[in-house]
Amino acid sequence: MTPRILPSNVFLGVAPIVLVIAVWQGLVSFGFAPAVLLPPPGFVFGRLLQQLVTWTFQQEIVATLIRLFAGFAIAVVLGVSIGIAAAASPAINAVVRPIVRVLAPLPKVALYPALLLLLGFGHGSKITLVAADALFPILLSTYYGASTVEQKLIWSAMAAGTPRYQILFKVVLPAAMPSILTGCRIGLVISCIVVFLAEMITSTDGLGHALVTAARTFQAVDMFVPLITISLLGLILNALLGAVRSYLLRGFPEA
Amino acid sequence: MKVVPSRSSEWVRPVTSQKPASAIIEIDRVSQVFQTSARKDHLALSDISLTIDEGAFVSILGPSGCGKSTLLYIVGGFVSPTSGAAKIKGQAITGPGPDRGPVFQEFALFPWKTVLGNVMYGPRQQGVRTPEAEAQSRALIEMVGLKGYENFYPKELSGGMKQRVALARTLAYHPEVLLMDEPFGALDAHTRTRLQNDLLNIWERDRKTVLFVTHSVDEAVFLSDKVVMMSKSPGRIRQVIDIDLPRPRRRNELLLDPRYQKYVVDIERMFDEVDETGSPS
Amino acid sequence: MTLLATSARRAAPVFACIGLLAIWQVASLALKNDSFPTAIEAIRAIPDILGDKESLINILASLRRMAIGFGVAVLVSIPLGLLMGRSRAVAAFFNPLLMVIYPVPKAALMPIIMLWLGVGDIAKTLVIFLGVSLPVIYHSFEGARAVEEKMLWSGAAMGLSPLQRLVRIVLPAALPEVLTGCRTGLVLALITMITSEMIARQSGAGNILFNALDMGQYDTVFAMIIIVGAMGICLDAIFERVRARLVRWSEPQFDMPLSFS
């Protein structure tokens, strides 16, 4: 359901955005919403462009991106390795499975105050929160992909002389790639969202912080700008991940 | 029950016919019990003993569920028998290995590798250096009739082509025994007959030992030197039939050959008898 | 599976909890940081919180908002999703809108919604409503789409009207998928609730958390974390029970407790 930016479907991808902007403009123009509360799209995008060239705003974007990437990267590394380990070893599975069942429904954001206490108000607490939230979908889809690898693929590799310990890297990991990348996509969306929210709750910089600052001074336009920025960032990153996915999975039949 | 390759005066390769028959695979009183989800035990194979001679093309024929694939997997080392043992050249079979190469019905090609990548997998695994492995693989790909498709991905190939790749991939690491598990079962009739012909042509070149599982009587008779008939579950060996037909075998000739027809009719009758006297599946 | 194995499997999450708490205990003792109380200290603070009238009111208010937001979202989203699944026109109308809203963090809309609707219950409940709606709509949509055409044809042949078919065939057939969406929605409701309360501090569990943080009552902070965590686990467990009973007839579904903020 995420907007897919495929060459042939660019129109389809852009159309809803155009539609929403049109509705937005309509709401303002026809007086359904006062400009003070809902500034017209033109204003907002104008302000966005204005901000994009300022150093301060760019710094906010950089801060957010650093936390986003760091948290996401940690989630990927941990999620994929634990997921594969749990699929390969019943012992690890027995330990990991109940822990995941307990931690998964827990709103990780509730841990945020604890993280703030332990890691301070800067990058560390936010990166950890992002990693904690993005970890589970990646871990679960990796586990699912790794544990449903076709048995005959493994047998074929073993007959060709692959020793047991190499099977994980040469067969299980590549075969589980579609699942892993699906989990990564979800994890990426979550990372974008969580980093923004964490910055909104408490932060000294970042896009979320920018929104909250604007809220305190009742600057509606300046509130929309960071929100749209993070959404755009999310779309761009998603598209990039989609491209990576297309390349990595070029041999696989379409799901 | 010994399985001895039959002698035919019309063998094309006199060199092989001079070689004394030697057992390569020994299956000794193998039984296999599976635990089903209903906590009941299912006896898949019961007390199978069989010796396979080197260079023989042996079919294992039986109805669905008679355990023939299981027997193949035991020889392949993918499954451990509940009791009894299988040996290759006197060595106990404890796991899979490049001496016993499988070809599966589902092809089991690595989807993330091209045709060339798939075929090169075995040689690379055995330490053959890339340029040499590539050259060998290209030759094999040409032999199975897929020249020009080296850079295609499995998803872009038809069923018959995928199975050719699977065959090439297995042959690439020079197994002594080919284990084929209903390899043409997923293909349409026309492709099946073509691949049967091609398989025989390829086999004629070095006459590896082949264990070929099938439920098709005419396929078994057409391809093999021996047909091992299995009963319904629990699988037992009912009968071993020597197929005394000349090689090389051509389908259009054989279909009109009364000896071939008699084999098929006789075995099909035995099949029906097996169905009646065997336990209900 | 033997009796011992089955009971071990059931008890495993409990062991996991105890294990995690134990790790916490050891870590806090090792770190000797004032702002990192031990697990036992935190647990001791729990009855104080639950006993305190104001805190209790806050927590119950949170739960109430969550329940209302979740309830209304489910009531609206399931029919919408089902309709979208079976009617191309409806899908074409709503799909673009939803696709754009999807990546936006609903809780991040808090300040904007506060700007429009002021602080208070309505704003927070609305955010929860938005957060829950999306996964429920999506899963209802997918579930309805996957209903076998032939089942509906049989229904039509039996004389059922389109609305009857929707309610009596599509809904039950899509129910497993719908409930998966509801489960995701429940997880999201909790997260959105906490997050929106942390952003727009007025009342609620998130508020208690940050008040305690500001006032240096670290025991309370961690105790609240345990309470919120327990809420999440309990709600999820209860929901799973209900779901299992409602769709006893369906094939086992792979449960991916995904978390969409």
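All chains are identified by letter, namely A, B and C, in their written order; residue positions are counted from 1 within each chain.
As a convention for this text, a contact is a pair of C-beta atoms (placed from the backbone, for glycine too) under 8 Å apart; a residue touches a chain by one contact, two chains touch by 3 or more.
All values reported here derive from a predicted model rather than from experimental measurement.
Asker: So which chains count as neighbours of both chain A and chain C?
Answerer: none
Asker: Taking each chain's centre as the mean of its C-alpha atoms, which one lies nearest the mean of all protein C-alpha atoms here?
Answerer: The most central chain, going by mean C-alpha position, is A.
Asker: How far is the middle of chain A from the middle of chain C, if each middle is the mean of its Cα atoms, in Å?
Answerer: 19
Asker: Between chain A and chain B, what distance separates the C-alpha centroids? Give it in angstrom.
Answerer: Measuring from centre to centre gives 49 Å for this pair.
Asker: I'd like to verify one number: the distance from the centre of chain B to the centre of chain C, where each centre is the average of its C-alpha atoms, in whole angstrom.
Answerer: Here the centre of chain C sits 54 Å away from the centre of chain B.
Asker: Where on chain A is chain B touching in the complex?
Answerer: Counting only chain A, the residues touching chain B are 150, 152-153, 155-162, 171, 174-175, 177, 249-253.
Asker: In the complex of these two chains, what residues of chain C are touching chain A?
Answerer: 12-13, 15-17, 19-20, 33, 35-36, 95-100, 102-105, 107-112, 114-116, 138, 187, 190-191, 194-195, 198-199, 209-210, 212-213, 218, 221-222, 224-225, 228-229, 232-233, 235-236, 254, 256-261
Asker: Flag every residue of chain B that touches chain A in the complex, lowest number first.
Answerer: Result: residues 76, 78, 95-98, 100-102, 104, 106, 108, 110-114, 121-122, 125-126, 153-155, 169-170, 173, 175 of chain B touch chain A.
Asker: Sort out for me which residues of chain A touch chain C in the complex.
Answerer: 1-3, 15-17, 19-20, 37-38, 94, 97-99, 101-114, 116-118, 133, 136-137, 140-141, 144, 186, 189-190, 192-194, 196-197, 200-201, 208, 211-212, 214-215, 218, 220, 223-224, 227, 230-231, 234-235, 238
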